[in-house]
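Mind having a look at this structure? Questions to follow.
Labels A, B and C are assigned to the chains in the order they are written; within every chain, residues are numbered from 1.
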Amino acid sequence: MDLILEGLVKAFQLLASLDPEVLGIAMLSLKVSGLATLVSLVIGIGCGTLIALTRFPGKKVLVSLVNTGMGLPPVVVGLFVSILLWRNGPLGFMELLYTPAAIIIAQSVIATPIVMGITIAAMQQLPASLRLQILALGATRTQLVWMLIKEARLPLMAGVMAGFGGVISEVGASIMVGGNVKGYTRVLTTATVMETGRGNFDIAIALSLILLLFCFVINYILTHIQQRERPR
Amino acid sequence: MKQLQRVLFVMLSCFILSAIALVPSSWSAQPQQKNLILATTTSTQDSGLLDVLIPIFEKQTGYFVKTISVGSGQAMKMGEKGEADVLLVHSPEAEKAFMGQGFGVNRKLVMHNDFLLLGPANDPAKIRGSKSAAEALKKIAQSGSLFLSRGDNSGTHAKEKGLWKVAGIAPEGQKWFQETGLGMGETLNVAAEKHGYLIADRGTYLALNKKRHLGLEILVSGEPKLLNIYHVIEVNPAKWPKVNTPGAKAFSDFMVSAPTQTLISHFGTKEFGSPLFFPDAGKPE
Amino acid sequence: MNQSANVLELQDLTVSRGGVRILEIPSFALRENEFVSLIGPNGAGKSTLLLAIMGLIQSESGSVWHRGVEIQSDASRLAFRRKIAMVLQEPLLFDSTVYENVASGLKIRGVGRAETRDRVLHYLERFKLSDLARRSARKLSGGEARRVSLARAFAVEPEIIFFDEPFANLDAPTRQSLTEDMDRIIRDQGIAAILVTHDQSEALRLSSRVVVLNGGKVVQDGSPAAVMNAPVNEFVANFVGMETILEGVVLSNLELQMAVRVGEHEIDAIGSPLQGEAVYCCIRPENVTVSLRDPAHTTSARNVFPARIVEIASLGPFLRLRLDCGFPLTSFVTRESFATLGLSQGTRVYASFKATSVHPIGKRGG
């Protein structure tokens, strides 16, 4: 018990003193997961909108695949991405393994189906007559898509937050493709695992607290979004 | 059908474009390979020795070292597949097989420390003062006392398996024998929590015990069989042309160089009163 | 009849869904300033017609012409849509402010900031929304939301405006005031309109022409009186409820007590239309009593007219009598009464109805 208390005390000391290594890890987490979320935003909302608004054969299958992708175990993604990026693998010539870019790629693969799936659901939930009304107002196809995205902006934002929340707390893929290299690919989650293994509970708790803070902020925004009413 | 193809095409191109956009950071690697992948063990990493040595090496040579710490077994597998450039491991039997199959070149002795047989203070199996580790293990097996093994093909695990063999005991599957599949530090924690016996390297034990009192005591130590010997091995470029050979050589030379060896001998003395490693470069095996 | 230009023309327009033809319009024209009501049962194809005109659903065959030019390409369709406006059953407002909503049509058309502002403020005022400009669309009442959607449609100053049951879910007073506002603007700006509605009094009040649709085909197309009074077949007759509808002019109105001139006769009614106004007098068949003798002394009803039975039809427990009093009048009688009175076609009778049974409806300037 006093072990935990000791850890907590030291953790707060580390945070209060703005320990550079801890902060560096936190910033890297934000950068990597932030970029991955950005990629997933572009692909997820772009393709998700296209899928939701177009009718084509095989649409149901594709949407099911996307939904399955939402539940992809991150370690599985990590395994497949690392196989791709191995020196002797198909993309080995790019020398991406054990770089932050590799983590961004893996996390993008994890987050994109989440954003895409939520986008598809959100766009399909817009009343069909809304589309008619927008077209009746004389909108071009581009204007229509843009206005629909604006209408669904809140659930779409929730999707992006969900994607971000999913990847910033992900550890399996990040270790596999990132290698947990100090100061380079060591992020909050991988560092926490390592420090716990070493027995450095104070650092591990400090890192966990930061991660919890991020998760809380994300959730707060999500809840705020969900509580709003819809227009008539 | 055309629509579906269009959709898939857009998805794929978006993905590839984003990936390519992220590449520049690696493209900026110098024509002469700047990245050096060092595969080593968790216990080496956890001791903190590399945190001291690597920055010095990087500054001297300009290489960017990516230290990937996994178990010895996995480290050597990486070498076998050409996914690492140089190895720093401590699993002599496996290393010899590795060299024998032609996966490595220039295997050099770097340093050693020793393994300890640890257990709860009350020592239920009464192994304290045993003349050899094998003898102690026999007592543990006979009394059915809880024993924690890493079970992860690491150097420590290999050492442990060798000792069980010498003791003539096959512990796998027995109720008192538990494999954690975890790193050294974590396995020590588990043993501490569950009041079990285990074999651990001195470095990790001392470092961990300083941070939190484990409640485990050194019961058997000092036997030649408990020596933990570290070698640095360059991965054979003949098998894998993509290996960073100059980098590997530079690191290997660095590890056995006199200044580094001196650093190694002093490492840990301040904190623990005694060094964690003993430099051995140049000595006969 | 003046030779107004055809603002809209349809030729051989057909729409099918799942192999079934749901709309078939050989020809249809909408003239300048004309207000057409489109009525019919559910599934008759009214909404389909509007959507087909706008190109929002795929038509199987046929053409749509705007001021003599056929709408064929995507570009011409877009140009056409930007000259018209459509108001659907649900307000379908956007998740932003009232101002933003009303401005949306203008934004789409690329209208400049300054002019947008002028127009939006103008229409906010016309629909009594000025105070709500900054309010979020999520926080409006049903009536307010409806007004915003109307303001949004009118703000683009369309040539033609289409309504698909715009007042369906509103209470009577809200409906009334909105209809008036709308009517005024349409008349002021000379906008042609097509209104799809279930409410026949709405159709009467606002339109100069009523089109009855059934099974995707036009069954009758004419003035409100013609459709209501001279239904072309059983279906239309049943659908409009066969109320007696008489065109007339208000002679006097003293504290709601009206005298209306209908043809050669004078009818007493209760209502608000003022002297000189053109009105429709609607009388439910149930309220018309038929007797053999002049009931002038025995009844309190103020309207008593000698009449001749022109047609008799059976309606279950009732019989429907079409009477000629110098103007057409319809009455229901029970089988009993019919038998008791010994009525038959051609019998001369007296038809009476109370002033309170006459519902005068202000007639749109025709």
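Methods note: a contact is a pair of C-beta atoms (placed from the backbone, for glycine too) under 8 Å apart; a residue touches a chain by one contact, two chains touch by 3 or more.
None of these values were measured; they are calculated from a predicted model.
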Least step count from chain B to chain C, where 1 means the two chains touch: 2
Nearest-to-centre chain - CA centroid comparison: A
Chain B-chain C separation of Cα centroids, rounded to whole Å: 87
Whole-Å gap separating chain A and chain C, where each centre is the average of the chain's CA atoms: 55
Whole-Å gap separating chain A and chain B, where each centre is the average of the chain's CA atoms: 32
In the complex with chain A, residue positions of chain B that touch it: 1-4, 7-8, 10-11, 14-15, 18-19, 22-23, 25-26, 29, 35, 37, 42, 46, 51, 66-69, 81-83, 182-183, 185-186, 188-189, 207-208, 211-212, 240, 242
Complex contact set, residues of chain A against chain C: 127, 129-130, 132-133, 135-140, 143, 147, 150-151, 153-154, 228-232
Chain A-facing residues of chain C, complex: 51, 54, 56, 78, 81-82, 84-86, 88-95, 104-105, 108-109, 136-140, 142, 145, 152, 156, 162
Complex contacts: residues of chain A adjacent to chain B: 3, 6, 35, 39, 42-43, 46-47, 50-51, 54-59, 62, 86-88, 92, 94-101, 104-105, 108, 112, 179-182, 184-185, 196-201
